[in-house]
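I've put the structures underneath this note.
One chain, chain A, links the two complexes that follow: it is found with chain B in the first and with chain C in the second.
Let's turn to the complex of A and B:
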């Protein structure tokens, strides 16, 4: 399971302040905590700073990688900001994300084409948000084939089928889950990845729902998640679900996590 | 309990079938459809909005109440041909250009309709010119816009500017909302009101009437 740590996001007030004050200590602590908790990628987002995003994203990548030896997930729709961030990035970065919205597709494709990058392919098009499995597959198909044609390796593609809140339509949970399964079986070797906290919008006990939904998605084949790695219950759920899915040889990760007290909340 | 009060209470808890039965019974009793709407359905949705604001109920409970209300309206509307239902206000609503998020905007529309407000929903990815066209065509008192992305927030301002430049209606009030939007931002771009959820959007309209 690929874990992308979501906490360095400028929509969080403390992070925005640290970015504006160019305070590396705050950012590096969040990066180190997430890596320590199991993040394989550290997401960096400076989207709220219109006009300054490129500079800030570059600074974030440098700052994060000075503290931890993990690649970043570069979270921006702006090709200039992404390129600025990539210019200082060490290792194989993840680009978060391309979608089928024409403007975004045309902007991001040249960056990832033939490059040694991971790319999140978000199931969204100019037609709107997908609701059903078929909506999602129609978008995923165009995205995946477009990326393959442009020399992006299948195993570098992380399809995000787009989670919508179950509070607003009863079948939003199940249609997403079915889409995970269909994507994973249709394109063998591809990955799926998502941030799934949207599922619980409009309902109480959101963390509990998110965690339950995560285990259900893992059961359908989900193998990547943008989460808060410091949410110990969420991380424990992921470890347990992976073992239950036969993705943990001799349950070694599960037992290692147990001995590291990751099941003590 | 009067039948209108029963309609109100059953609508508020989303009991669609009982609401339909009670509505038919009220019609048979000779109660005016507009009374049923004003004192049964709209009052029910006001109760729902208040509870939602206090976190006593959640989004699905708001939606199930709205479904019960729509069921009753479906029965009442054919009986009201030729009569104008009383409307609190008229609103043109949409998600700004470049932004495809519709869930919050739809919830706002539902609660506005529940409050007896006429809603013209232009959908998502609405260009400033499209908003302007709709304002000219429908002459609403309110323009309500949503933006869910930091990258599309500037389009709230662009739309306000385009509408202001066209000088269609000096009294038109503009309401904005969406996850990254704040009261501060609303003030900066010259919006008249801001709401952070579907129930307070209705309050914002009432406050500006």
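Let's turn to the complex of A and C:
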């Protein structure tokens, strides 16, 4: 399971302030905490700073990688900001994300084509948000084939089927879950990755719902997640679900987590 | 989701004592607590009392049904004990269980053939416990077709694919989960039902693992469970998972549970 730590996002007040003050200590502590908690990538997002996003994203990548040894997930739709961030990035970055929206697709494709990068392929098009598994597969198919034609290796593609709130429509959860399974079985060797918290929008006990939905998505094959790695119940759910899926040899990771008291909430 | 409350089982000391003392109050309180917590069936098991099982099972059914308005799951491999229990049972009972073991199959089949009963079909044969999804499907196929030929309606069959501990073999969880999905899609209208706690045998934090595995099994289509309905985290997981599967119109059951403080652990 690939864990992308979501906490360095300028939509969070404390992060926005640290970016504006160019305060590396705050950013580096969040990066180190996430890596320590199991993040394989540290997401960096400076999207709220219109006009300054490229500079800030570059600063975030440099700042994060001075503190931790993991690559970044560069979270922006803006090719200039992504290129600025990549110019200072060490290792194989993840680009979050390309989509089938024409403007975004045309802007991001040249960056990832033939490059040594991971890329999140978001199931969104100019026709709007997908509702059914078929909507998602139609978009995924165009995205995956477009990326393959442009020399992006299948194993570098992380399809995000796009979660929508179950409070809006009863079948929004199951259609998403079916899409995970269909993507993972249709394109063998590909990955799926997403943030799941939108599922619980408008409902109470959101953390419990998110954790339950994560477990269900893993049962359907999900192998990547954008989460808060400091959410101990969420991480425990992921570790337990991975062991139950047979993805944890001799349950060693589960037992190590148990000894590290990761199941004491 | 069909919930079978598992607590009236003579393998539990307090239950065995209440049965031996013919103390209805203890049994009726457990029955009422389980029904109140959402059990659709109350399982009754007096298997430890060799030679007295039939009498005790009959007494248990009468005692339980004097207190609660739900049917019983009659948990025994012994046709005489089952028939004794059925002679006093009101409503549609569940028989737990038939299997493909020849002796058991031949003994239970005449009881359920053409009868107004639910029946648990356990994926076990004289060749032993199934390991893979194919092992399970081979047994399920014979059981389901045998039951259908003997006028048991498909919707009255609850296949139990038989959980084995993931600590024994890494793929015991995933093979079980795949079997759930395959059974539910192969025989449309059938049910699956099982106890899941064996999955965590030999591992620490068993309750958390069981609850995680339940959520995963629901994602794969499981629609029945033999559980402790008084385990509030387990019940909350089931309620949340059902809402996320689109089986809870407008999330009304989830919201009702929230208002009843069922997510406060």
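Miscellaneous remarks
In the analysis below, the second predicted complex is superposed on the first by the 265 of 265 C-alpha atoms of A that agree within 3 Å, B and C clash if a C-alpha of one lies under 4 Å from a C-alpha of the other, contacts with A are read in each partner's own complex, and residues count from 1 in each chain.
The rule is simple: a contact is a pair of C-beta atoms (placed from the backbone, for glycine too) under 8 Å apart; a residue touches a chain by one contact, two chains touch by 3 or more.
Nothing here was measured: the structure is a model prediction, and the numbers come from that model.
Judged by the touch definition given at the top, the superposed model places A:263 against chain C, while chain B stays out of reach. In the superposition on chain A, contact of A:177 is made with chain C only, not with chain B. In the superposed model, A:167 makes contact with both chain B and chain C.
By the touch criterion stated above, A:237 is placed in contact with chain C alone, chain B being left untouched. Once chain A of one complex is fitted onto chain A of the other, the partner contacts of A:204 extend to both chain B and chain C. Contact with chain B, but none with chain C, is seen for A:77 once the two complexes are overlaid on the shared chain.
Chain A has more of its residues touched by C than by the other of chain B and chain C. After overlaying the two complexes on the shared chain, residue contacts for A:50 are found with chain B alone; chain C is out of touch.
Looking at chain A, you'll find residues 167, 203-204 touch chain B in one structure and chain C in the other. Within the complex formed with chain B, the residues of chain A that make contact are 11, 47-48, 50, 77-78, 101, 103, 124, 126, 128-129, 164-165, 167-168, 201-204.
Residue ranges of chain B in contact with chain A, taken from their complex: 55, 58-60, 63, 98, 100-103, 106-107, 124-125, 149-151, 154, 180.
Of all residues in chain C, only 166-167, 170-174, 177, 199, 203-205, 208-209, 212-213, 215-220, 236-237, 240-241, 243-246, 248-251, 254-255, 258, 263 touch chain A in the complex they form.
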